[in-house]
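Two complexes follow with chain A in common, the first pairing it with chain B and the second with chain C.
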Partner chain A sequence: MYEGLRAYGLITAMWIRSTMAYRASFVMTTLGNFAATGLDFVAIMLMFSRIDSLGGYRLPEVAFLYGLSATAFGFADLVLGSMDRLGRRVRDGTLDTLLVRPAPVLAQVAADRFGLRRLGRIVQGVLVLGYAVVSLDLAWTPSKVLMVLLALLSGAAIFCAVFVAGAAFQFVAQDASEVQNSFTYGGQTLLQYPPTVFAKELVRGVTFVLPLAFVNWLPALYVLGRPYPLDLPAWLAFAPPLVAAACCALAMLAWRAGLRSYRSTGS
Partner chain B sequence: MGTGRLYAAVAASGFRRYATYRTATAAGVFTNSVFGLILAYTYLAVWNERPHLGGYDQSQALTFVWVSQGLLMTVAVFGGGFEEELIERIRTGDVAVDLYRPVDLQGWWLASDLGRALFHLLGRGVVPLVFGALLFPLALPASPLTWAAFVLAVGLGVVVSFAIRFVVALSAFWLLDGAGVAQLAGLTAVFCSGMLLPLNVFPGTLGEVVRLLPWSALLQAPVDVLLGVADPLPTYGFQIAWAVVLLGVGRLVQSAATRRVVVQGG
Partner chain C sequence: MDGGVVDGDGPDGDFIRLERVEKVFEVRTRTGLLRRERRRVRAVDSISFTVARGEMVGYIGPNGAGKSTTIKMLTGILTPSGGRLRVAGIDPSRERTRLAQRIGVVFGQRTTLWWDLPLIDSYRLMHRMYRIPDRRYRENLDRCVELLELESLLDVPVRQLSLGQRMRGDIVAALLHDPQVLYLDEPTIGLDVVSKARVRDFLRELNAERGTTVLLTTHDLQDIEQLCSRVMVIDQGRLMYDGPLAGLHEVGDSERTLVVDLEREMPPIEAPPARVVRVEGPRQWLAFPASESAAPLVAHIAATCPLVDLSVREPDIEAVIARMLHRLEGAADPAPERAVS
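Now for the complex of A and B:
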């Protein structure tokens, strides 16, 4: 574990130094990243220019959901966003180089081409979250503040697990790296809207099967004092850390299984 | 006739090139369907709140979602592959080889992009639309004529999309690193094509302005032809006008750029 983090830190630092060699390019791509993710929120604002509420939620409440999931996803994307390149490495055989190096493969794959520009996404999420907190006019209690912090940390961990599990799947699927996008970027898009918008089966799916609902829906609805559409006990809003831990454990198992099944291209 | 056959061959190879990656195509279809699902429920909620928003009823709004998920690869809203390659060829100087070929640079890439678009229309377009039609009540036309009119509008949309991306790629002659411009162009296309939200939902003047810009020819125009909201002939006129203007701009930029090319020895 320590060894892995150390390797991750070293490789990441190398990529950051290399990024900083082209500062103008770094600023431009970070701004581009910021703008690209910002478009999602622009879409929501455009919707709210024509409607007053979406699924019974007003703009600040949707912004709160958006801010929580975008920030949590932003952290996971910054830390592990390069993992979707694994399929390419499996296909062209360059994964072999990583196998012979004396550092954990997961750390090497995760830090590969570390993109500091992904900070743009986090900044964008934090800004929307700030706007939501200011305009929501909530009675903040210590438990609600704690809930926001808990949600950001656990949410990031849940998305990290999705990234790792998705990468493990690419050992088998190789060319199918886009499937991972449906669960990472798609999951993020899903979570920025209120659960009342979606069909019950879909909400059940992302609560019990792929527990994305624990990233922001359950914690945010607790903070907003709104009922979760599935009649779940109230204490479940405090479950995200447990769910995150379980997800990470499962993702690690999947990663080990994937890595063990790896056969080099041989070409 | 000789050049016609050549362009047909280039287009066919563009088609085959993308048709090779079957798993990737299946994965892309899956992703389009997931995003379609999320957007469909969101649009349902929006149109529940404001029925007939932007002149669409609920099933037309849903149709917009699924048709646009099917078309976004075909009309290359996010960018279509060839720019990256052309930019790389300009950066490395390989473009010099392209320029002394007895074929026109713009025509060559247009043919190959049309081949790619045809594959994406079949490979990435059909399944998401069928999936959406199975799950939601879509307002799909019964008349084969409307479908034919739609396909023609898609084709013109691809040409406009190509014309824009060709100019974007040629900017690499001056900038060398075209990645920033390509990203900016992609974002503009997402915003102005209707990919982000149907353009008729945009408020006030903003809505009127985006409908006049060339990007509305990519997605909004074909979908409106399919939905029967727009008359095909004026829509074609709009698309052809932009295609002519932008292909012309491409030619001007191309001739300005080729005068700049200095081939390094070796």
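Now for the complex of A and C:
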């Protein structure tokens, strides 16, 4: 674990130094990342210029959902966003070069081409979240504040797990980076909207199968005092840390299995 | 080696040791619309050999013979399907990261450097990642950079380097942490004559000065001729020959040629076991088994004919290997036998 973090730190530091050598370019790409990801919220605002509520939710509430999910996802994307390149590395054989270095492969793959510009996504998520908190007019209690922080951390961890599991899948199916993207980027987009606008089956899927609902829906609904989807019990709002831990454990197992299969088949 | 291994180092005699090492791949091929056939391919088939510390060994064979698969097992990239394997006392597949500290690997076809960054960035990262002491790092880097003439290229992004420059850069990267073993997979592939010579000189010096054990696979037999005293030939996953380069000629039934210039035209010289294969005026070509010494033959001719000049031509080693493999495969069809040095 320590070796992995150390290697991750060393490699990302190298990429950050190299990024900072071209400051103007860094500022431009980060602004680009900010604008491109922020467009999602602009679309939602445009929608709300025509309607007053979406699935029973007003704009600040949707902004709250959006901000939680975008910020959590932004962290995961910053830390592990390079992992969808694993399939290509397996295909062209460059993964072998990582296996002869004295550092865990996961850390090397995750840190490769570390893109500091991805801060842009986090910034827009935090801004939207800030807007939501200011305009929501909620009675903030300590437990609600704690819930927001927990949700951000657990949400980031859940998305990280999805990134790692998706990469593990690419050991088997090397062209699967799009499948991974549909779960990560697609899942993130889904979470920007309240659960009431989706079909029950889909909500069930992202609650029990791929537990994305724990990223923001359940914690947010607790904070907003809204009823849960699928008549879920109230205590589930506090489950995200546990769900995140379970997801990370499963993702690690999947990663190990994937790497083991690579090392026995060489493809 | 089989007893308690202290400090992880194997004894010098069998620094690298393989005992009946196998690698079996399962290949799935589509045979019908829905039917798939599973086929087991033995990429490496019960290979055993040892390499002593400080040896420089060539590992050759046709494409798909199992060379790269062997190297991948020796570096810990691939897990063997069977057999026992130790490098410096370490089981590569089990302790991959520990082994990584002791080995250097150069893949001719792909770089271990960070493609988009300047060469020096990769080296700085290696410095930290391998925990190389600062002084050692400086010394090694300065020395390698000087010998391989990379000084002016350190700030150039790797993707802008030519193939030869990149290869030299890769060799430096593999040596910064003072590895005890250096694996080179096709180190001179695609290089021009000057780059090849520079790389070979460097490897020779490294081996002589540091005693680094070197195992290299190559298609270029000049690499072997100029660097390795020992060569292993692998074909279809089996070790077909292991011994000195010269011994290949015996196994391969090859012949050397003695070219003699006489004072005048003469009838074909009689000097068994050599036989005259060509006569052109006063010049005659005699073929004799490569395993025989040329000295008695020359003495005999000098004593019986008016000799002006002579030269010995070595057989084309590539042809020798092809002939050897052909012969061994023919002989080994039902029950494979292994050529021994």
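One rule holds in what follows: the second predicted complex is superposed on the first by the 262 of 267 C-alpha atoms of A that agree within 3 Å, B and C clash if a C-alpha of one lies under 4 Å from a C-alpha of the other, contacts with A are read in each partner's own complex, and residues count from 1 in each chain.
Keep this in mind: a residue touches a chain if its C-beta (ideal position, glycine included) is under 8 Å from a C-beta of that chain, and two chains touch if they have at least 3 such contacts.
Fair warning: this is a prediction, and the values are worked out from it, not measured in the lab.
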{"item": "Chain C versus chain B on the shared chain A, clash or fit after superposition", "value": "fit"}
{"item": "Partner touching more residues of chain A, whether chain B or chain C", "value": "B"}
{"item": "Vertex chain A angle, Cα centres of chain C and chain B, expressed to the nearest 10 degrees", "value": "80"}
{"item": "Which superposed partner A:Ser261 touches (first chain B, second chain C, both, neither)", "value": "neither"}
{"item": "Partner chain in contact with A:Gly55 - chain B first, chain C second, else both or neither", "value": "first"}
{"item": "Chain B versus chain C as contact partner of A:Thr97, first or second or both or neither", "value": "second"}
{"item": "Partner chain(s) touched by A:Leu10 [first = chain B, second = chain C, both, neither]", "value": "second"}
{"item": "Which superposed partner A:Thr141 touches (first chain B, second chain C, both, neither)", "value": "neither"}
{"item": "Closest Cα approach, chain C to chain B, once both complexes are overlaid on chain A (Å)", "value": "10"}
{"item": "Residues of chain A that lie at the interface with chain B and also at the interface with chain C", "value": "none"}
{"item": "Contacting residues of chain C [partner chain A, same complex]", "value": "25-26, 69, 72, 75-79, 81, 93, 96-98, 100-101, 103, 105, 107, 109-112, 114, 116-117, 121, 124-125, 128-130"}
{"item": "Partner chain C, residues of chain A touching it in the complex", "value": "3, 7, 10-11, 14, 17-18, 92-94, 96-97, 99-104, 113, 260, 263-266"}
{"item": "Complex contact set, residues of chain A against chain B", "value": "25, 28-29, 32, 35-36, 39, 42-43, 46-47, 49-55, 173-179, 181-182, 186, 189-190, 193, 196-199, 202"}
{"item": "Chain A partner contacts - residues on chain B that touch it in the complex", "value": "21-24, 26-28, 30-31, 34-35, 37-38, 41-42, 44-46, 49-50, 53-54, 177, 179-180, 183-184, 187, 190-191, 196-197, 201-203"}
